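What follows is a pair of complexes built around subunit A, which joins subunit B in one and subunit C in the other.
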Partner chain A sequence: MTWELFELLLVASIKTVALSGLSIVLGFFLAAGVCAGMLSQNVAARRAGRLFVSFFRGTPLLVQLLLIYHLLPRVGIDVPSEVAAVIGMSLCTAAYQAEILRGGFGSVPKGLLEAADMCGIGAFDTFRRIRLPIAVRLTLPALTSELIMILKASSLVSVVGVIELTRMAQDLAASTFLPLPLYAAAGLIYLVINAVIASIGAIVERRVARGHA
Partner chain B sequence: MTSSPAIRVRGVVKRYGATEVLTGIDLDAPRGEVTCLLGPSGSGKSTLLRCIAFLEETSDGLIEIDGEPLGYGPGSNGGRVRLPPASIRAVRSNIGMCFQQFNLWPHMTALGNVSEALVTVRKFSRGEAEARAMAELEKVGLAKRATHYPSELSGGQQQRVAIARALALEPKIMLFDEPTSSLDPELTGEVLNVMRRLAETGMTMVVVTHEIGFAASVGSKIVFLDHGKILVEGSPTQVFGKPRHARIDQFLDTYLDRGAAGLL
Partner chain C sequence: MSFDLGLLRTYGVEILVAFGVTFLIWIAASALGMIGGFAVAVARRWGPAWVAWPLRAFVEVIRGTPFLVQIFLLYYGGPFIGLSLDAVPAGLLGLTIYGSAYYSELFRTGFDAIPKGHLEAADCVGFSRVQMIRRIIVPEMTMLVLPAMVNMTILMLKETAILSIISVPELTLEVSSIGSAHYAFVESFTILALAYWALVELCGWAGRLAESRLSRYRFAHS
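This part shows the complex of A and B:
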């Protein structure tokens, strides 16, 4: 196990972080929409939201990635591996994040909304100023976990041809006959990245905890 | 119009499924006075207050605030009609409310809680709103706690912030739903004092409470509910003085340890 090999792993881990990060952010916005659909008065929107969640939460990410990678070219859309990977991970994490947010909105105490109502604050301002900030605070630990889950799940995107951290370790192990040190190094890198994410999550949680009953 | 009571409740019925929680309530809350709603738990007193605030839909009957119908107005052929949301908002802007659980927004400071509606509803600038909010906090003795979050305040302080938040919007009527019921006994005093001072300014108040002593000394009208009906109403002397209704005797017995005996 040389420094050169480790450096190759580090470079590949940048792709892991970039793809996961992009997917989490895109997934969050998608999740907000799906969640709004699930909480909506509109029956069609509620059904669509639930269907989305049950499909992307009910099938393995691996299958979703393979479907996207093979389906898109069939309908004439040629996508690079990285794009297919981000689409797959975004859709999958959106389903989980939508459920997390739905739980968060459900946990905002009804009395806080009644207080807003009695102060004459309208539905939109109540959502913007009171429901959303409280829901995000309530779900921060779960959202941090989801970020970590997606980072680990990104090891699956090698099936669509993306050379990320796990795939790089596999390739190097095959060519150098040093599987143990390479997988150990890859594991260590995952651990360090996730430790950083977890501590950032903890810091943010502590900061918002100040404003919490 | 000035002759009408601040709140007029007529024939209000509230049902949850088959259970009738309020069975036809008629009640007037006189202007500038403190009306106290008493009764055992489950008697419907909080439900009645929440109906007056239109936080609960009534199943039947009419409620007028300052002569204006709230939620439902009289319809043709003796029925009632649902009023448009704009009318509900307008009439309700006369009412301020304090809750048993305070219901302060946990992500905003005391100052933020009091100034929020001034900015979003009354369209004050942030600076004007905070100046006004600060003045209200001063009145409840909490100017020094303005930058504290609810989690950094005692229950009594939180309830006083909640009172300031309601008063900042200059309501004509204040409703209190068991404002001291979730407080430690040594913290109830500070909240009751703020309420007592508010009453002295001539604010119309309706208070659901278990504080018999407060009701007897500050209330000008006592309304005793039992099983969704008004059992007795009148001045504190009429309701608590002897001879009194057997049900009230029984109710007071459970409160003797709270010092109510000495007052009566």
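This part shows the complex of A and C:
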């Protein structure tokens, strides 16, 4: 195990972080929509939201990735495997994040909303000033864990041919015949990235909590 | 593009066998993982510091790294330290180790949530440590952690799919090889997803049933 090999792993880990970060952000917007569907008065929207969450939480991400990877070209959409990977991860994390958001919005005390109504605060302002900040504060720890989950899950996109950290370790292990140090080093890099995410999450949580003691 | 359900009929036996492999690995790894996780949680809480610290590191490392990397390390790296395992035992061992780290965290939060007064009361009436674990901690904790345990066990089922990558002949591997033999990837992966989905829903339903049963039981006796 030389520094050159480790450097290759580090470079590949940038792709891991980029793909995971992109998926989390895209997934968040999708999740907001799905969550709105699940909380809406419309029965069809509620059903659709729940079905989406149930499917993407009820099947292995590996199977989702394989399905999307083969489905896209079949319906005439030819995209690089990175795009297929981001689509798959975004859909999957959207289901988890939608559940997290639903839990957050569900935990906003009813009394606060009633009080806002009493004070004559409109629906939009109630959402912006009361529901959203409280829900965000309640869901931050869960969203941080979801980010860590998706970072680990991103190792699966190696299967559809994306050369990220795990795939790089795999390729190097095959060519150098040093699987033990290479996979250990890859694991170490994941561990460090996750520790960084966890501590950033903790800092943000403290920041947000301070404003609303 | 049509669903070729004929494939299901042609390969019925193979698919059934592969499903059996998935099911057995899932149940075995979950059960062993729960036992291991319980042991880890107990040792971390009541064991000496020189046991608790390495176990904490173990849990953090397992929870901080992808399962795929762990299984690669075990399966491809193992032979270099004299641990040559076939795919199935390697997969089972890897999933058990992975599960025990996560289950141990659930048990740990369960331990923390048991009211201290109950343990003090048990101590006062002269319960031994074993009695305390068996009569107070395990039953109370089971109620507390059951929903999270069901979720984790569902996660374990989904993780078994990853074992296909190290060539464990389970459902995902079998179905993808049928798919590639007939160039029917979309059909086979759709069926595969539906199969996992059904099993996960079934497991969630069983968990909810167990929860309502057990809570009824607890109310009847309190």
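General remarks:
Following the convention adopted for this analysis, the second predicted complex is superposed on the first by the 210 of 213 C-alpha atoms of A that agree within 3 Å, B and C clash if a C-alpha of one lies under 4 Å from a C-alpha of the other, contacts with A are read in each partner's own complex, and residues count from 1 in each chain.
We take it that contacts are C-beta pairs under 8 Å (C-beta built on N, C-alpha and C of every residue); 3 or more make two chains touch, one makes a residue touch a chain.
Values in this document were obtained by computation on a predicted structure and should not be read as measured data.
In this superposed model built on subunit A, subunit B and subunit C occupy separate space and fit side by side.
Touch criterion met: A:R129 reaches subunit B, while subunit C stays clear of it. Taking the Cα centre of subunit A as vertex, the centres of subunit B and subunit C in the superposed model span 100°, given to the nearest 10.
Legend: residue contacts after superposition of the two complexes on their common chain; A:R137 is shown touching subunit B, with no touch to subunit C. Of the two partner chains placed by superposition, only subunit B is touched by A:L112; subunit C is not.
In the superposed model, A:L61 makes contact with subunit C only, not with subunit B. When the two complexes are overlaid on their common chain A, residue A:P179 makes contact with subunit C while staying clear of subunit B. When subunit A is checked against subunit B and against subunit C, the one touching more of its residues turns out to be C.
In the superposition on chain A, contact is made by A:S155 with subunit C only, not with subunit B. In the overlay built on the shared chain, the residue A:V43 is in contact with neither subunit B nor subunit C.
Superposition on the common chain places the nearest Cα atoms of subunit B and subunit C 25 Å from each other.
Subunit A residues in contact with subunit B (one complex) as well as with subunit C (other complex) do not exist.
Against subunit B, the residues of subunit A that register as touching in their complex are 109, 111-112, 114-122, 125, 129-130, 133-134, 137, 208, 210-213. Residues of subunit B that touch subunit A in their complex: 53, 55, 89, 92-93, 95-97, 99, 101, 103-109, 116-117, 120-121, 149-152, 162, 165-166, 169.
Contacts from subunit C toward subunit A in the complex involve residues 1, 60-61, 64-70, 72-73, 76-77, 80-81, 154, 158-162, 164-165, 172, 176, 185-186, 189-190, 192-193, 196-197, 200-201. Subunit A contributes residues 54-55, 57-64, 66-67, 70-71, 74, 148, 152-156, 158-159, 166, 169-170, 173, 179-180, 183-184, 186-187, 190-191, 194-195 to its touches with subunit C in the complex.
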